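Each of the next two complexes has chain A plus one other chain: chain B in the first, chain C in the second.
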Partner chain A sequence: MELEGVIEGKLSEVKNRGSLIERVVKVFLGFWALFVGLLFPLLILFILYYEARLAIEKFGVINFLKSTNWDPVAEDFGAATMVFGTFISTLLAILMAAPISIGIAIFITELAPKWFKPIISTAIELLAAIPSIIYGLWGFFILTPIMANKVEPWLQDKLGDVPIIGQLFSGIPTGVDVLTTSLVLSIMIIPFMSAVVRDSFEMVPSVMKESAYALGATQWEVVRKVVIPYTASGIAGGLILSTGRALGETMAVTFLAGNNPQIPKSLFDSFTTITVTLANQFTEADTDIYLSALYYLSMFLFLISLILLSVAKYLVLRLEKRWKV
Partner chain B sequence: MKLKTYRKIVNWTMLSIASLMAVYGIFWLFWILGSLLINGFKYFGPELIYLDPTPAGVEGGGLRPAFVGHFIIATLATILGVPIGLMAGIYFSEYGQNSKFFRVLRNITDIMVSTPSIIMGAVVYAILVKPIGHFNGLSGAVALALLMVPVIAVTTDEMLKLVPQQMREAAYALGAYKWQMIKSVVIRAAKVGILTGVILGVARISGETAPLLFTAFNNAYLNLNLMKPMSSITVTVFNYVMGPYHYWHEQAWAASLILTLGVLVLSIVARLVLHGKITNPLAYMFRRIRKEA
Partner chain C sequence: MKKVALAIAALTGTALALEITGAGATFPYPVYGRWAYEFQKATGHKVNYQSIGSGGGIRQIINRTVDFGASDAPLTPEELNKNNLLQFPTVIGAVVITYNVPEIGKTVLDLDQKAVCDIYMGKIKKWNDPYLQQLNPNVKLPDRNIVVVHRSDGSGTTWIFTNWLSKVCPEWKEKVGFGTSVKWPTGVGGKGNEGVTNYVKRSQGGLGYVEYIYAKQNNLPVAKIKNREGVFVEPNIKTIQAAAAHAKWDKSKHFYEVLTDQPGKDSYPIAGATFILLAKDQPERAKKATTFFKWAFENGDKYAEELNYVPMPSNVKKLIFEYWKENGVHP
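And then the complex of A and B:
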């Protein structure tokens, strides 16, 4: 009788301990999940806003974005040159990288022999593993002289006199300009873009492709009329995701943009971006309003990339949902 | 008949273009790695690692503070970042699956993976550098850790989801609590995948420069104090490339080579770990090449 009681007591003790740990573990893990998924982004936003409030009060939103003046001495700050530079270099990089990435994805999913697939995928992924400062170093020492002495004079020679677009190739080719920056950026985002596009291509059920082949379609027609239309939102997601990547790229751009706060009029003009300005001036900001203006810039960058990446995520999720059935 | 030839020509042209695109991607990889290897080895000497930098303008010297500092910052960031990322990832996979709220958080985490890294530097500057009053190594480690947390959380979640549901149910059938099931079944089954994610996370932060620029900053002297500015390979390369001296450029090439090799080796090790062949990578690679050929 007594023994039974003891056993029962022990048993309920073990049970109690187990369920106590159960609850503690759940709450503890849950807190960190909450932190990573919610508190952390909110905290970033709050800190950026808090640090930027001086500049927000002084310059407002529209004026800050409209003004091209960036003068630390006069304490007059406007973000137009940086925002424009960020957008133009990203846009050009996307335009250069998109066809390449789709081509690579087609090659990997449809054309490459089975033994070659892992090799080419790894090679492209290695491009993503190279630290961005290496792209900057390489671009600065190796690519810039070639662009300045060979590529850009050649482009200028061939295209400089064409009406309208000739303007884009005017100026003195220095290599440290919009064109070189966008080119290097495009190389950096190719792995991200082609990975997303490839993954969506692989989601297309083979039944769909086989039916098209059975109707006599060529390989290209299958890609063009079956694979691409059905993965459109995945491709769009990949494009936007890499836009987010390119927007926030700092080190490579810092070496190649020239850090010149002006709106570039030609592809051979030096310019600046939000990230370049931050990297170059953050440690030099000696007044509160200067630092605050820099935080204002980072807040813009954070918000833009947050919005773009959310759209990308939504598009990719939509595609996944469609094929999940 | 005519239409058929036309379609064949289009097919052939477009597919050749796609193959050319692949060649284009590879071309840049070889160019970048090739020039890095050539210049890096040309200027590399063992004194790069064990000598301190000379005063600016005086040739010679090495980058010992940068190597030591980089190692300390990256290690500390890993120690801080990995547990948080793991815990969040486990919760997302094991508890949050059925809650809409946590599924949304999981997607936000996915987005956080791609946040511009320089933002993290600015944020940490506000909370750890400004109040302390000067740059310090600790803030650099925190910035890198924050950068790493979402990466680890996302990969952990994905790896845990690969564990078959039956294994969980088998543990429940034996009367295990959920935490026991997670500890002894899920994590054990997914440990290789988790390790891969951790290594990839370390590889990612090891190459970062932007978050360190205004947190850990730079230091010409060897410094082991976390409360003082600490040098890192990436920030040093940044400063040296921008600097006027030719021997600085040479040292930047050599240091970049070491950094890149380190990061690439980590990425490759991660792949080998995932295939369970870490014990004998060479034999594994050989076998794989033979099998594929």
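And then the complex of A and C:
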């Protein structure tokens, strides 16, 4: 009798303790998730804004975004060249990387012999493990001379006289320009993009593919009409991940961009991006307004990334809804 | 730890080992590091110098988070007084012009103020420009584009180079001015001395400016520059030190002196000292720093020269010691 009571008491004690621990863990993890996920970015945004106040007051928002002038001596700063450079290099890199990544994913999931799959996927994933400074050095010492002496003169020769797009291939090919930078950036983002795309390709139910084959579809038709439509959101996800990476890439771009705050008029012009300007000029920014303008630039990068990722996320959600069976 | 230090202090009869912190310019980092190493071996005091860049060094000493700040460009007396700071130079560096013209190889070129200014303004575009050819009558200059290279990152090297251009070239002063980074009228930007050098080496017809030490270590072809007395001077320890010896250092102006375009037939015109900043209102901390630099001025010249830095001439060192005494920060 007494013994039973004691056992019961102990049992409920253990139960209570269990639920207490559960509750504590819940609150604790919830707090950290909230802190890291929401408060931390807000805090960063606030600090960037706080440090940029001086420049915001002096240059305004529209004028700062419109002005192509970046003159530390005259203390007149504008972000147009850097924002444009960031966009154009990211866009070109994604345009170059997307078809290659999708091709790689198709090859791995549909075409490659079974024994070859792990080899090729590991090799591509290894690309992601290479530090970006190595890409920069490789691009600068190996790729730039090839671009300057072989590829770019050839492009200029073949395409330079074509109306409208000929303008893109004008100027003296130096190898440190928009084209080389985007090329190296695209190599850097291929592993991310192809990994995500490959994973989503592998999630296509084999029932669907088998049914298509049963209906007499060729391999190409299966890829084009079943696999790619089914995984559109996965492909979009891969694009987003890589956009984030390309937007923020600094070290490799510093070596290859030529670092000139100008709007490039051709693919062979040097240019600069937001992150490169920050990396180059933070250490020696000696006046308050100079430093503030740099903070202002980083605030814009933060906002651009935020907006871009939100838009992309929204697109993925819509795609997912549309393709849900 | 403390006990051990105390025991050592008691044994050797010296004061407790100091820990001296400093931050700032990257240009003198190798020599400060070497001095700190030898200084610790000799005295047991420890110096912790972080080369975070001049801008950061200035900020940190203004906020009094370090014992000394370091800047490649001198602060003006007004700025120093406003922030209650003291300033003195430590070692001298120079900026040299290097080039890559396959047709002439390592032949030393003569350049004057107008030539360099016009090249960097984008007005002289070809190596066989009549003006360049007339400066170098014994060299056959080729019909090649000049690929102008400058620094893309903010740096003291750029500060010294553009300061010299502003002094000798009115158009430069009016349109560009000087600073750690400026709005370049032409050219591509390389990151660091190595970035500039590699652009120059790689592009046939390249021309760029780099630190003297870097050019020396890498054995780059270097131009002679015309100084204000009209002499073409090759950069070396003697000619750079001559610029410092001829300069009018002024204690009351906290040694605000830029060594560009200095008088003296043997003075190399594009030189510049690097500076230390101290907090005047914290003499105890400042004295820790001067303990280190007094030792360095008295014992460190050979280490500096090993690393191709140009030490201060002895008359300037004497002046610095007096300046410390006047301001109550002499160790």
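Worth pointing out:
In this section, the second predicted complex is superposed on the first by the 278 of 325 C-alpha atoms of A that agree within 3 Å, B and C clash if a C-alpha of one lies under 4 Å from a C-alpha of the other, contacts with A are read in each partner's own complex, and residues count from 1 in each chain.
One rule holds in what follows: a residue touches a chain if its C-beta (ideal position, glycine included) is under 8 Å from a C-beta of that chain, and two chains touch if they have at least 3 such contacts.
In this text, all values refer to a predicted model and were calculated from it rather than measured experimentally.
In the superposed model, A:Ile21 makes contact with chain B only, not with chain C.
Of the two partner chains placed by the overlay, neither chain B nor chain C lies in contact with A:Ile228. Of the two partner chains, chain C is the only one touched by A:Ile172; chain B is not.
After overlaying the two complexes on the shared chain, residue contacts for A:Ala74 are found with chain C alone; chain B is out of touch.
Using the contact criterion defined above for the overlaid structures, shared-chain residue A:Leu319 touches neither chain B nor chain C, since it reaches no partner. In the superposition on chain A, A:Pro145 makes contact with chain C only, while chain B stays out of contact range.
By the touch criterion defined above, A:Val83 lies against neither chain B nor chain C after alignment on the C-alpha atoms of chain A.
Contacts of A:Thr283 after superposition on the shared chain: both chain B and chain C are touched. In the overlay built on the shared chain, the residue A:Phe255 is in contact with chain B and with chain C.
Taking chain A as the reference chain, the count of touched residues is higher for B when chain B and chain C are set side by side. Residue overlap on chain A between its contacts with chain B in one complex and with chain C in the other: 140-141, 254-255, 279, 282-283. Taken in their complex, chain A has these residues touching chain C: 69-74, 140-141, 144-145, 148, 172, 174-176, 254-255, 258-261, 270, 272, 276, 279-286, 291. The touching residues of chain C, counted against chain A in their complex, run 26, 52-56, 58, 73, 145, 147, 152-156, 176-184, 187-191, 195, 198-199, 202-203. Per the touch definition, chain B reaches chain A in the complex via residues 7-8, 10-11, 14-15, 17-22, 24-26, 28-29, 31-33, 35-36, 39, 84-85, 87-88, 90-92, 95-96, 102, 104-112, 114-123, 125-127, 146, 149-150, 153, 177-180, 182, 203, 206-210, 213-214, 217, 234, 237-238, 241-242, 249, 252-253, 256, 259-260, 263-264, 267, 271, 292-293. Contacts from chain A toward chain B in the complex involve residues 18-19, 21-22, 25-26, 28-30, 32-38, 40-41, 43-44, 47-48, 50-51, 99-104, 106-108, 110-112, 114-115, 118, 120, 122-127, 129-138, 140-142, 187, 190, 194, 218-221, 223-224, 241, 244-245, 247-251, 254-255, 275, 278-279, 282-283, 294-295, 298, 301-302, 305-306, 309-310, 313, 317.
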